[in-house]
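Okay, here's the structure, questions in a sec.
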């Protein structure tokens, strides 16, 4: 199995309005450092998983909709808890609209919310 | 599959008394940077794998028994080789006493013993 | 010259309401990874710059006032631009209320706002 | 499952002579930071996956054939695209000539070509 | 003193044709991870050292002339040893053509050539 | 001003027998990740601060005397508090026996004792 990972980041505001989130219930924010990983069983004609420029551009396009946003007011998160796990899943879903899954074995999206904590969403295709 | 990782560290002394460990046979020590990762197939009601505060606290509690210890004299390691792999397994076993495995898909414990070497112990549940 | 650095982080929301900040004008957020560095010309009786536990605790206490906050509504930032540089200066000023500068040569506060950008405020004493 | 990872790096020149590689078609170069990970289902008599010194030495020996090389002229890459994925596979193949696979569950080779992009080749044994 | 740092990277080929460089005499390459730091005594009207977007763009523009290049054939390095130190100085000189030094206290350019080695060139203004 | 930094690490045991060190009074240990930085006002004939191989080798030679040691029994630390700051100073002193200071402007030794804390000792020459 081969994989390729590219990185980017978003800086968002949000609140997590459930008493169990304690101090994170109020409006606060996070830099989410994003790592997107595509997996393939075998390499294609150019001996790559995906072109790094194309992967970087695809991830940037998906993240553009979230950059400098208040997720509490973002149409994709209104009324939902925008936890790191949920945002990872959202980015994964949006990436999957942009490539042909039949060529790949899976996709992982990792979001680091601070230097000591991160979450992933991972999906296998086919 | 979703995952959540939180980090902490311990600073321990130990010796590895087998000739095959060469210079590590004598009393020396290590900072072991610890990353604990919980996996779940689906998120729960709060849209999280586990509360980051709870995960951090659970890991800290388990590590408290090892912080600033000489593992050669620690009851859980007397007479055993306290390799990085063994310590990773030990931390995993102790963590598993503290949460309900039926809610999770697996657990990984990673220990970095220096900037260029690390070990993991990974277990799938159910 | 000796120095000691300890790390922590805050996760804040804020806006930067000046047209020159472009997309950062609206409500967004950041994880600010904080590194505080104390400098001394000579070590004291315990052969340290400062006790790491004490330094970590002092930094945590100062950061507690900012954790999970919306800086736009924070009394120390209302009506001011809470740029990374300004927050670094603020943390430095608050730290300086908590130790005896006559024992130290200087203090640096570094804030990483994302993996590829950070700011510092550095002051020499005496 | 247990794993052990050790790190090293190579600094190579190469070109990627296909129009789809854009500016990377010409002679350029890369530092490839290498992480090799061995996996085992159970630990052996010394309670390790592999001796760190032995793993580091094995990886270094394999990388010695690539250090400071122009891959366009390297016998193992002449006429082939030396993409990061291909180099990862090559290092994996060369490592596999040097240990007994029957003792291990798998091997992963990760190559970071810059701070924001990396590739892996991963193989399960048996 | 305040500072702001932004990051980027280049991937270059070069040779260091002096016998004292040993294996680095031949054509090889490097990813040079670049950190550019501007210093100011006092912040300006927007409470910043420099706009992060502007700093990132300025650094990218300077690096564009080096990306994916063979420095042995690059007009700015023909006949010169393109050591990491020299490239750091070169990037610093090129950056200084693009901002008004009277507003700043100094500039540092740091280049990481591999995970365990880096060089800087630092200049104070005025 | 130019600088060159190279990295290595040591894994040592020690105790800090003063009540004010709390749990660190007993025998414990640390991985100390070491960064040694040489500074020069101007580059020499090869356009470098120091040869990276030579710097790496010099640092390794100095660290060899500390690797896998119990500092409580090490002749250079018996009866002294082997704090991170003291070890940094010790490494600096030992390095300075091995190069001609008249060619350099200064030397910094940085020791990371865990991912969130590090100390430096810095000296200017001449």
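Just so it is clear, A, B, C, D, E and F label the chains in written order, and each chain counts residues from 1 on its own.
In the analysis below, a residue touches a chain if its C-beta (ideal position, glycine included) is under 8 Å from a C-beta of that chain, and two chains touch if they have at least 3 such contacts.
This one's a predicted model, so the numbers in the text were calculated from it and none came from an experiment.
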Subject >> Starting at subunit B, fewest touch steps before arriving at subunit D >> reply: 1
Subject >> Superposing rotation of subunit A relative to subunit D, computed on C-alpha atoms, to nearest 5° >> reply: 120
**OP:** From the options A-C, D-E or C-F, choose the one that repeats interface B-D, i.e. more than half of its residue-numbered contact pairs are shared.
**Re:** C-F
Subject >> Taking each chain's C-alpha mean as its centre, the one farthest from subunit D >> reply: C
Original post:
Compared with subunit F, which chain's mean CA position is the farthest off?
Top reply: A
**OP:** Compute the distance, rounded to whole Å, between the mean C-alpha positions of subunit C and subunit E.
**Re:** 27
Original post:
So, what's the distance in Å between the C-alpha centres of subunit C and subunit B?
Top reply: 31
Original post:
Centre to centre, by mean C-alpha position, how many angstrom separate subunit B and subunit E?
Top reply: 40
Original post:
By residue number and range, which residues of subunit C touch two or more other chains?
Top reply: 7, 113, 115-116
Subject >> Contact set on subunit A toward subunit B in their complex >> reply: 18, 20-22, 80-81, 83-86, 88-89, 113, 115-123
Subject >> Residue ranges of subunit C in contact with subunit F within the complex >> reply: 1-8, 43, 46-49, 51-53, 55-56
Original post:
Considering the complex alone, what residue numbers of subunit B touch subunit F?
Top reply: 7, 9, 11-14, 23-24, 26-33, 67-70, 113-116
